[in-house]
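Written out below as C-alpha cells is the structure these notes cover.
The chains carry the letters A, B and C, assigned in the order they are written, with residues numbered from 1 in each.
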Amino acid sequence: MTPPAIPTGVLFENIEKRYGGLYALRHVSFETKPGHCVALAGRNGSGKTTLLRIAAQLVRPSSGQVSFPSGASPGERRRSPGYVGHATMVYDEMTAEENLLLFAKLQAIAEPEKRVDLLLQEVGLGHRRKSLVRTFSRGMRQRVAIARALLHQPSVLLLDEPGTGLDPQGVDWLKQTLIGLRDSGCTILMSLHGESEISSIATRAIRLDAGVMVADTAAGSPMRSVMTFADA
Amino acid sequence: MTLLSNTSALLGKELRTEFRSRELLTTTVVFVLIVIVLFSFTFDPTSEESRRFGSGLLWLAFLFAASLMLQPCFLREQSNDTLSAVRLSVGDPFAIFLAKLVANTLFLLATELLLLPLFAIMYNVPVLAVLPWLVLVFFLGSLGISVVGTALSAISAQARMRELLLPLLLLPLLTPILVASTEVTSSLFDRAPYVQWKGIGFLAVFDLVFLTALWLFGEYLLEE
Amino acid sequence: MTKNALGALMVVLLLGVAAYASFFIAPTDAKQGLIYRILFLHVASAWTGLTGFFICFIANLLYVWRRQPRWDWLGVSAAETGLVFTTVVLVTGPIWAHPVWGIWWTWDARLTSTFVLWLLYVAYLLLRTLIEEPDRRALLSALFGIFAFVDVPLVFGSIRWWRTQHPQPIIMGEPGSGLDPLMYKVLFFTWFAMLGLLILLLRQRYQLEAMRGDLDMIQRDLETA
C-alpha cells in the first residue's frame, strides 16, 4: 500500500454522546499517537461503534471533541480518516470497479482510474473488478470496503469489527494488510469483540463498558486481560 | 464546481442503478396505469367530462405514484449503509439531495410522458397541439413533487410505519402543486386551449422556494 | 393566588367580555341576523391558530439552530394548541353555513386552506409519535415543521387564486364586503382574549412536556446507575 503522507494521531477529549437520557459514551478521553494501532474492546452496546463513528465525523458528539494532531505544515491539507464500518458501505448493484470509481470521483482524487486499478490489485480483486458486489462473498466485500476506505490515502484508519464473518484465509489477509498499513505509518483504531488474530497486531488496547473506559494497557493493565475481560 | 461534479457522479449512479433493474420505473408506470383505468369507473368518460376531470385525475395519479416511488429513495441506502460512505466522500452534501431529486424528477417525467398517449386515447383528450406546454407543466410539477418528496423520504426513512408515513407527510404539502398543475393542465385540455402563465409562474416559485429550503436545511436531514 | 390561577382568571374574564361583546355590543347584521355573530369566534380562532403555528415555526428554527430541548417542547405545545383553535375554525364553519346556505360544507377558499393547514399539523404530530429517540424526533419534526410552515402561504395562495374561480358560497361574506367599524373592534378584542387563552394553554402544555423530559432523564439515569 502506498505510504500515508503525514503521520497523524487521534485525540479524543471528554467525548460524551447522549441519546435522549441514555449515555452511549461518557468521559472518553485518550490519544492515539501517530503510527500506533489501538484495539477497542468491549461487548455489544459498549459504545465502540459510536466512538468510531464520532471519529469518522458521521456522528456529532453531545459534548467534547475529536481532533487529529499531525505534523502537517499549515499549507498541507489534512486528509479525513478512512472508515470501515459494520456494513459494507458499497452498492450491491454496481461492480467493484464502478463503486470505487464513484467514491474516487466524489473525493476528487487525481487520476481516479489509476488509483482504483492499483487498489483493486492490492486487495486482490483485480480479476473480479467487473463483477457486481452482490455476487461477492463476505471476505471479498470486506476487501472492497477496505479499498474504498483507502482511496484517499488516509493517515488514520478506523475499522469497526473488521474480522467479523471472515474465514481464516480472510482473517489472515486482513492481518497482513493491517500490519502493512501500520508499518508504513498509518494510525489504526479498530474495535473488536475480544482477543483474536487481529488484536495481536495492536500496540495498545482500551476496553469500553457501557460507554465508559474501564481498562487501558497504557495504564498498565495487561493486554490479555483488557481484551478478554470476563463478562462481569 | 464541487457541487456540480459531485451531483453528476451521484446522478450517474442513481440512473445507472435504475437502468439496470428498471424496478422503479416499471412499478410506477403500472401503478399510474391502474389508477387511470380505475378512475374510468367513477364517472362517464365522455369527451366533455374527460376534459373537465382528466387533468385532476392525471395529477392525482402522479401524486399517488410519486408517494410510492419515493419510498426507496433513502431506504435503499440503509441496508449497506452506503449513505455514510457517500457522506464521507462527498465535497458538498447538497449534491446528495440534488442528484436524487433530479433522478426522481426524470423518473416521474418519464412515467408521465409514457402514459400521456394512453390517457389521451382512453379519454379522448387531444394533446398533440399542446404537447410542449404539457411537457413544461409536467416538468415543473414533477420537479416540485421531487424536491419535497426527496426531503421527506429522508425523514420517513428514519421513522416507523414509513410506508404510510411518507404519503401522509407528502400529500398535504403538495396541495399547491395539485391545484396549480391541475388548473394549467385543464386549460390546456380545453376546447380552446390556452396557457395559464400564472400557474406556470406559481409552479416555478414553489419549486424555487422548496429547493432553497432543502439547500438551507438538507444537511440536518442527513445527521445521525 | 398563584400566578397561574391569576392568569387563568384574567383570561376567563377577557373571554367573558368578548362573548358578551359578540352578542350584545356588536351591531346586528342586516342580512344574516343572529348567526353571523359566530364570525367573532370563527375568525379570531383562525388568527389564533395561525399565531400558534407561527410560534411553532420559530421554535422549530430555534431547535435546529440551538438544539436545546426547550424549543422542541415549545414547538409541540404550539402545534397542539394551534391545532385546537384550527379545529374550532373547521367546526364553526359548517355551523355558520348550514342556517345561511342550507349546506354543511362549502369548499370555500379559506376554509379549504384551513383544512389543509390542519392536515399539515396533524401530520407533524403523527410524525412525532413514530420516532422514539427524543433528539431524532425533535430534529426531524422541527425540519418537517419548517417545510410545513413555508408551505402555508403557498397553500393559501394557490387555493385562493384558483378555487375561487368556481362559484360557491363564501363563508363570512365576500372579501370586499367589509365589516362595520364596531364589529372590527369586537373582533380584535375577541382575538386578544383568545391569544390570552393560547398563551395559557401553551404554558400548561409546555410545562407538561418539560416535566416529561425531566422524568425521562431521571428514569434513564436510574436505569444506568
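To be clear about the criterion, a contact is a pair of C-beta atoms (placed from the backbone, for glycine too) under 8 Å apart; a residue touches a chain by one contact, two chains touch by 3 or more.
For clarity, every value in this text was computed on a predicted model and none was experimentally measured.
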Give me the chains shared as neighbours by chain A and chain B. C
Larger contact count among B-C and A-C belongs to B-C
Note, CA centroid farthest from chain B's centroid sits on chain A
Please tell me the distance, in whole Å, between the geometric centres of chain A and chain B computed from their C-alpha atoms. 39
Where the centres are mean C-alpha positions, what is the separation of chain B from chain C, in Å? 31
In whole angstrom, how far does the Cα centroid of chain A sit from the Cα centroid of chain C? 51
If you look at chain B, which of its residues touch at least two other chains? 223
At which residue positions does chain A touch at least two other chains? none
List the residues on chain C that touch chain B in their complex, please. 64, 116, 119-120, 123, 126-127, 130-132, 136, 139-140, 143-144, 146-148, 150-151, 154-155, 157-159, 161-163
Chain B contacts chain A in the complex at 2, 5-6, 9-10, 12-13, 16-17, 20-21, 79-82, 84-91, 223-224
Residues of chain A touching chain C in the complex: 18-23, 210
Chain A contact footprint on chain C (complex, rising order): 133-135, 216-221, 224
Flag every residue of chain B that touches chain C in the complex, lowest number first. 148, 151-152, 155, 158-161, 165, 168-169, 172-173, 175-176, 179-180, 183, 198-199, 202, 205-206, 209-210, 213, 217, 220-221, 223
